[in-house]
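Per-chain numbering from 1; labels A, B and C assigned in written order.
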Amino acid sequence: MKILERLLEGMFKMSSAITSIVILLIIIFLFKEGFGLFRSPVVEKGYGLYINSKNPVTDLNPTQIKQIFDGEIENWNEIGGKDESIYLLRFDEIFSIYSDEELGENYQFLPQKLNNIISENSNIIAFFPKKFMPEISSPTKEIANKNIGIPDFIYGKEWLPTTTPSPLFGIIPLVLGTLLVSFLAILIALPFGLGVAIYLSEIANNKVRGMIRPAIELLAGIPSVVYGFFGLVIIVPIVQKMGNISAGETAFTGSLILAIMALPTIISISEDALRNTPLALRESSYALGATQWQTIYKVVIPFASSGISAAIILGIGRAIGETMAVLMVTGNGAVIPHSIFESVRTIPATIAAELGEAPMGGTHYQALFLLGCVLFLFTLVLSIISEIISNKQTSKSA
Amino acid sequence: MMIEAKNINFYYGNFHALKGINIAIPANTVTALIGPSGCGKSTFLRLFNRMNDTIENAKLTGECLVNGQNIYDKTVQVDALRKNVGMVFQKPNPFPKSIYENVAYGLKVNGVSDKKYIAERVEQSLVAAALWDEVKDKLHQSAFALSGGQQQRLCIARALAISPSVLLMDEPASALDPISTSKIEELIHGLKEKYTIVIVTHNMQQAARVSDKTGFFMYGELIEYSDTKKMFLNPENIQTQNYITGRFG
Amino acid sequence: MFSKNIQQKIAFHIFRLLSFSILGVLVWILGFIIYNGIQVINWEFITAFPKEGMTEGGIFPAIIGTIYLVIGSMMFAVPLGIMSAIYISEYASNQKWVKFIRIMTNNLASIPSIVFGLFGMALFVHTFGFGDSILAGSLTLGILIIPLVIRTTEEALKAVPESYRLGSIALGATKFQTIKNVVFPIAFPNIMTGIILSVGRVSGETAPILFTVAAYFLPKLPQSIFDQAMALPYHLYVIATSGTDIEASKPIAYGTAFVLISIVLIINLLAGWIRRYFEKQNPK
């Protein structure tokens, strides 16, 4: 009997650790995959960038490589080389220079031809599979293929995960998109939510309260994909017409939907905070001749301020992490937004939209996991802050 | 008469909380209301600045007069009434603001914006509440930094700042230590020159020490109301005598 | 400047207006989906497979998939969540440990659902080798829902008056007997309410199943827990955004949204009903 009880207690205790274990596992797996990105080379695996050994340039960062391949950088002097225009040779172009016979049946002459071209053109940059460059010696040299760096990720202004030869994983447009949509949503939801919370906790009678509370619970229960669908079919055309823009899928649209979704969180937490204001404080304010409204904004709201801030922070956390609704209504343009009536792409929407197509273990896959880590850290920090704030509130009420 | 109650009946739903109360309290006196828990003395006190208005299902009949006017008359503005009838509560309950802001609060919510005047009133009120010397160097610190007794005197100062003529006190010292209590009692003594004070108390010694007149409540009725000295030395009613001598309650 | 009484009137009117517009928003969303959805709903829609590139036919496999996922995730989350809550509320004597668990539970609850999707993919689909499957999806959803189960169970247990426990222990019952025979039965209705709310949450989640189980289209129902499955929320997502013919499949989208919304409504009503029913049974 005694042993059985002990056994059960042990089992309960072990189960109680489940959430901690899950968090630990999430950290391990997310970060393991995510940080793999920084052990991957800038240029696609199995490929190299080759230049003439007289060329003083030794390394290029991912953005420079992308600009060379896009024709945005046309002269070596823009990237620390001599003043000569860049001659870009892609792998497939070799076949228009040499005939199949010249290259050999198994392309056995290809490396030699490649060396010839490189030695003849001091301004060349050639993008080739490594297997055709078995040994690298004068007149050829390889651009140092470093690993993708943390700064490329954190300070990168472009998210182009599938460009060759070197994809760009700059998180800035995604972070800005996420913050823009979330903060705008809270900006819309806050006055609204606070007003409702005040009404419910201070003004409404029980009958009205009994009507509005369940409505708020229902709003909280509607799945985010339904919000996304509603936004797509109803809000998007409205925004398009009102903003007189070509596409209604904008940051603003996403914020509107997120605002509705954040309302239940904001309302219920701030209502609790307002309700926690001791009756004695309210009564002494009335006793001094203050009206109910004066009491609310001069005594009740200041007293509940930390609870209200906790609600705001939690609301922001929800908004930052929301995936489906945002994915469906913001248009998902991965560029730095300049106005709220432009398409944006948030971090969660990026993961949801791209992970299906990213080959497992590749840099794109790793980069998406890294985005997951960023998201995880964002929300963890916000959750801890709100916890600290609301603890302060409880100790004040006690 | 400063305060008069004429045939007051008060109900919480079906519960008859006050039964036919008649009382007349003269100006510039301290009146103590005593009686066992739940006898209606606090309910009665709260009627005089209409603190019971917010209670649902409550019903009042009879007349409550302050300075000759029925305060439940439709023409009476409740906030104006409360400005005239101040109240101090059982537990010290300063607002989460600075000491200065606490005292200035009543003036500000009543539309006073003259900073110089507010500063003057804050000082006068703190002086009157015998707190000025203790807090004058830290007016802008949080009111929570004060001790319980100081907080209660701050609440008294807060009530005084809007210059009421009546001060209602609902067991103002019950949450305080003996030293703070005696300071509050001293203060009450000094305040009666300017104000009419009604104090609800559990503590009969306190009633005897601070009041001029005493009313004894039981089961929602005012059993006896007379000069404090007479009440404690020679009560007319047997129930009063039993209560005072500690037979019940 | 207005007098303070007029200020109060204006402010209160604004708040009332805001509060009733919440009702308006709810009616708008529900009305839009119910009005458009009810025209599509019929017996065939519920019981037939999708046809013609999902522009016709029904959503039967998505309904079945969602049911499997709900059952699977609950089988995982409910026992673990309840045991965890029992430990926290009845056994734990080390307050630091309790506090730590509570913080971890809150943190887990605040993690975005897409992160659970990533995690489920890395751990269950790849590391454990379950592949895209009902098992992987159920485990991912189960983990997502555990904090909610723990929190509601803990609250339910806390609401049981201490006097019951003391009374039972005074009669010589052991701690586990007390929990099993006294505390748990009293707390059961509230625990049930929590579980029902979790079912609602699980049946609407999309992001965690994107990469762990959800299939765009399957010609037959899943045969084992290692098969992929279709699911209602994912189905709505794909036909609303990336179907073969988005305009033509709109009615199907309305119908799917209607079914999802109905689940939410039923679950909310059911939870409220259970709460009220048992409150009447044993008034405190």
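Criterion: a contact is a pair of C-beta atoms (placed from the backbone, for glycine too) under 8 Å apart; a residue touches a chain by one contact, two chains touch by 3 or more.
As the structure is a computational prediction, the values presented were derived from the model and not from experiment.
In terms of C-beta pairs in contact, which of A-B and A-C ranks higher?
Result: the pair with more contacts is A-C.
Centre to centre, using CA atoms, which chain is the farthest one from subunit B?
For subunit B, the chain whose C-alpha mean is farthest off is A.
Using mean Cα positions, find the chain sitting nearest the overall protein centre.
Looking at where each chain's C-alpha mean falls, the closest to the middle is C.
Could you give the separation in Å between the centres of subunit B and subunit C, each centre being the mean of its C-alpha atoms?
Chain centres of subunit B and subunit C, defined by C-alpha means, are spaced 53 Å apart.
Can you check how far apart subunit A and subunit B are, centre to centre, with Cα atoms defining each centre and the answer in Å?
Those two chain centres are 60 Å apart.
Just the number, please: Cα centre separation of subunit A and subunit C in whole Å.
25
For subunit A, which residues are shared contacts with two or more other chains?
Those would be 291, 294.
Please set out, as single numbers or ranges, the residues of subunit B touching at least two other chains.
79, 109
Residues of subunit C touching 2+ other chains?
Answer for subunit C, listing residues that touch two or more other chains: 4-5.
Taking the touch rule as given, give the residues of subunit B at its contact with subunit C in the complex, in rising order.
By the definition above, subunit B touches subunit C via 77, 79, 109, 111.
Using the touch definition up top, name the residues of subunit C that touch subunit A in the complex.
Per the touch definition, subunit C meets subunit A at residues 4-5, 7-8, 11-12, 14-16, 18-20, 22-23, 25-26, 29-30, 32-33, 79-81, 83-84, 86-88, 91-92, 100-101, 103-108, 110-115, 117-119, 121-123, 126-127, 143, 146-147, 150, 174-176, 197, 200-201, 203-207, 210-211, 233-234, 236-237, 240-241, 253, 257, 260-261, 264-265, 267-268, 272.
Tell me, which parts of subunit C touch subunit B in their complex?
Residues in contact with subunit B: 4-5.
Using the touch definition from the top, list the residues of subunit A that touch subunit B in their complex.
For subunit A paired with subunit B, touching residues are 278, 280-281, 283-291, 294, 298-299, 302-303, 396.
Flag every residue of subunit B that touches subunit A in the complex, lowest number first.
49, 51, 79-80, 82-83, 86-87, 89-91, 93, 95-97, 105-106, 108-110, 155, 158-159, 162
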